[in-house]
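Common to both upcoming complexes is subunit A, partnered first by subunit B, then by subunit C.
Then we have the complex of A and B:
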């Protein structure tokens, strides 16, 4: 019975993540009854969001793994890194993103097309990685360190196994695979929230000409927010459809986090 | 002596020094990244000093908000909003964890399943609410109340939507549930205390569980202060409150260094002040745990 619920849970998560798959399907001829430019923007924003999330989880994941290893193998470096990450964590994430974008605002405004989009994405991935690293590194390094200092790891060291190999073995354990999955879900959720909130406030504060140059569902929601107040601007679906899709995606990540936390009890 | 050390570390080092150094570092990095000439650094340093000393000479070159207005806005809007959101976050976590932990306790003691099912439905509802982006809630508030929504509603949206409340409630619930099966809880439950289903009141089972979980929960709450400030900053941009939010955005893009210094300083100061209040609660209630956390 428990296995059936697990399978159903994963099917639900796959369904909730389907907007990312649908965004990449060739849907040129599909008639939705909604304005074609809006539909195009919606697909484009979810494509770019999927790229942002994938790139951030890869970059942040690799750095997290590196810092996690380093904090166990070199405790002094680990302590210094923890201090730096603590300082980063005490600054609101939205402020970090604003400060990352400000220096490239001129470059983004003066260049059009692919260059601007790629630069904007790169800056955002940097900001999202920076803000998600403290929690991710802590989430990985603490349980890994705990396993490393347990009795059987000490025995492995006494048999002459190199430290790096012991850590690789420990990372392959079920407990650590769960930790990695939870860490990845945490990074994805944090990046999703930051990307959409940041795009929303930039669109609200600066309009269509503001940074970032890569489209995001948050920016699309902000661009069509007036339909809720003024019915002549368009149907309310223009606001609610991207909101509903974002809720689906967020819920999928929350379920992954929730499942893992429940299992940890 | 311990109290003096607490003040020195939390108010002096992590409060004043972090706020001043953080403002200088962020503005310095900004100037570096936009390629400002050396004289601009000196000018910004002087502006920083004028701001810290509340000189009327600060920011006379820039039209817009004065330092007093920005600091006043931080004191009158950002700080109370952040504090209200923090208190609501704690309340949500306490109520949710009491309901969930008491159901788990009763299920363990009486082998009941109803509580678990109720908890599952409640958990799904909370997850759904958390999946709604916080800015959507702000915009709905804007649609209902215009530019002046009740501050309490902003605090409620900041916590209930976007995952802050969900995460805090889960953190405390899981920590309390972990202790239900432990020997000390079993011994306490033989005294026949009330369960405390809605709030973890002193003398109840959930109150006892909370007493054990609080030393971990309070530092967790302190770590969430930047996220609350981030949410409040978004609200300030949506509702265009004077002094912060959109002013910070304008300052960054238009290179208004004085305004930038004042906005960053106020945001970091509010952040540090709220975090200090939470740490003070930990120090007063659980001094040993505070020492351990150091």
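Then we have the complex of A and C:
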């Protein structure tokens, strides 16, 4: 029965994440009854969002694993890393994103097309990685340190296993794999919130469609918010469909995040 | 006083661990307000039964039969009832005190917050009980977090918090494990006065400690044996073992001279030292069994870790042969210096908590072969050697192919001892080695260790709280506090 619930849980998560897959399907001929430019923007924004999330979780995930491992292996690295990440965490994520865009603002304005899109994406991934790292590294290093210092260190070290090797084995344990999975879900959720809120604010403030050369569902929501007040601007679905899709994918990440499996040790 | 209804009813209740039947209980229905103890050998399923009764059984266990708790169907035809039913059961009241008591505390909350969460409004009761029976002032620890107090203090505080809940059903799983002799006496006094005998609570306890069971005012004694729950009229005598006669005149082995140990705590103005013990002087000869006793938190485990050279902050000399281990390895940086490596292989430990002695996701056999690899393929793990030791202490060979979490705490402890002996070390450090092992099996394990000691002329140090170990195993007892001079400062 428990296995059945597990399978059903993963199926639900897959369904909730389906907008990212559907966005990449060739749906040119599909008639939705909604304006074609809006439909095109929606698909484009979810494609870009899927790229942003995938790239961020890979970059931030690798850095998190490295920093989490090194923090426990070398306590000095742990102390320095904790200090730097605490400082980053004290700044609101949206301000971090704005600061990151500031140095490349001129380059974004003076170039168009793929160059601008790629640069904007790279800057956003950098900002999202920076803002998600403090929580992610802490979320990984604390249980890894707990496993090592309070549980396995004396016994394993007494048989000559070096600390680095013990940590590698523990990182690959079921308990830590669950932690890594939840950490990845946390990074994705935080990046999704940052992407949506950042592009919403840019759209409301600057009137452009999304972040600088970076389309996002948040920008689309901001752009079509008027349909809620003025029915002549279009049907309310233009606002609610992207909202609903964002709620779906957020729920999927929350489900993974909340799936707090019993520790395997 | 009105009659208390029977809070537990088990009918044809059985639990399998994978293919192995742990127990099959036809009927078990203790009277409400009575106390029952379940004895039995290590691995017989006592803890599993208590965990099932507390609704905490998970993992590779299969349940059959029915269980009613507080007149609610907790299990019906082997199926656990839904959360709503269990909420009603728990609301009526169950307290489960696990063997590793401190596990019940949430590490992210202070002790005061834990108390409020576990038994709201019971602080005055907890404070009185801690002061009266354990001489602890709770107010001094209230703001601290579980990892900021010593293991012994945390265990005492947790025990009193859990046992001060208003629950009608109380389960205790090996409650004396890790309590020193003095504390054990006080705990018995507490149980007899405030929990057992007409207090209205239905108490169910699992224990292999027959001395402890004898001292309690219990109504019923049961034994889990041959997968059945049997009524016992009289407790069996302790499995006596003839202690070998040895005067401790073997060759000089390990000598600790003026050893002090400190840890560093982060303070407002930088790190500051906290001394575990100062000026320890003690020597251990070969082929002799030394027992180290002393109250919880006095520094016994720190001494063991200092000998293993797995802690920083050790001063003095620890001489093995003609080498000073402290000079060979002054600091623990996660890797041993080349000069220390030969000594690493001469030292082995069996920790207090053996649950973490093997890699969590590797089968026991794979963990053992990993040690071979760590030692450069020196064939530490030889099937014949390991299985011969397992046979000697009645461990099933099939356990080698199990994951650590599939072993009971007693099996895990014995497996850890097998691992230590199979490594053929020169120095064996046993830190509360028999805590989870019943007295009958314990005598076998003691014999296996004694045989090894005789064959290899090794050095054996046993940290223990238990009278049984001192009576039947230890040849020379050292009171740790009589060997240290904590009142004198340590020169910088």
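Assume the second predicted complex is superposed on the first by the 253 of 265 C-alpha atoms of A that agree within 3 Å, B and C clash if a C-alpha of one lies under 4 Å from a C-alpha of the other, contacts with A are read in each partner's own complex, and residues count from 1 in each chain.
The rule is simple: a residue touches a chain if its C-beta (ideal position, glycine included) is under 8 Å from a C-beta of that chain, and two chains touch if they have at least 3 such contacts.
None of these values were measured; they are calculated from a predicted model.
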item	value
Touched partner set for A:250, first subunit B, second subunit C, both or neither	first
First (subunit B), second (subunit C), both or neither touched by A:258	first
First (subunit B), second (subunit C), both or neither touched by A:165	second
First, second, both or neither for A:175, with subunit B first and subunit C second	second
Partner contacting more residues of subunit A (subunit B vs subunit C)	B
Which superposed partner A:73 touches (first subunit B, second subunit C, both, neither)	second
Contacts of A:157 with subunit B and subunit C, given as first, second, both or neither	second
Which of subunit B and subunit C A:225 touches, first, second, both or neither	first
Set of subunit A residues, in rising order, touched by both subunit B and subunit C	262, 264-265
Subunit C-touching residues of subunit A, taken from the complex the two chains share	73, 150-165, 169-170, 172-175, 262, 264-265
Of all residues in subunit A, those that touch subunit B in their complex	87, 89-95, 98-99, 101-103, 105, 189, 193, 196-197, 200-202, 204-206, 210-211, 218, 221-222, 225, 228-229, 243, 246-248, 250-251, 254-255, 258, 261-262, 264-265
Residues of subunit B defined as touching subunit A within the complex	18, 22, 26, 29-30, 33-34, 123, 127-128, 130-136, 139-140, 143, 162-163, 166, 170, 174, 177-178, 223, 225-227, 229-230, 233-234, 237-238, 245-246, 248-250, 252-253, 264, 267-268, 271, 275
Complex contacts: residues of subunit C adjacent to subunit A	58, 147, 305, 308, 310, 332-336, 341, 344-345, 347-349, 351, 353-357, 359-362, 370-371, 374-375, 404-405, 416, 423
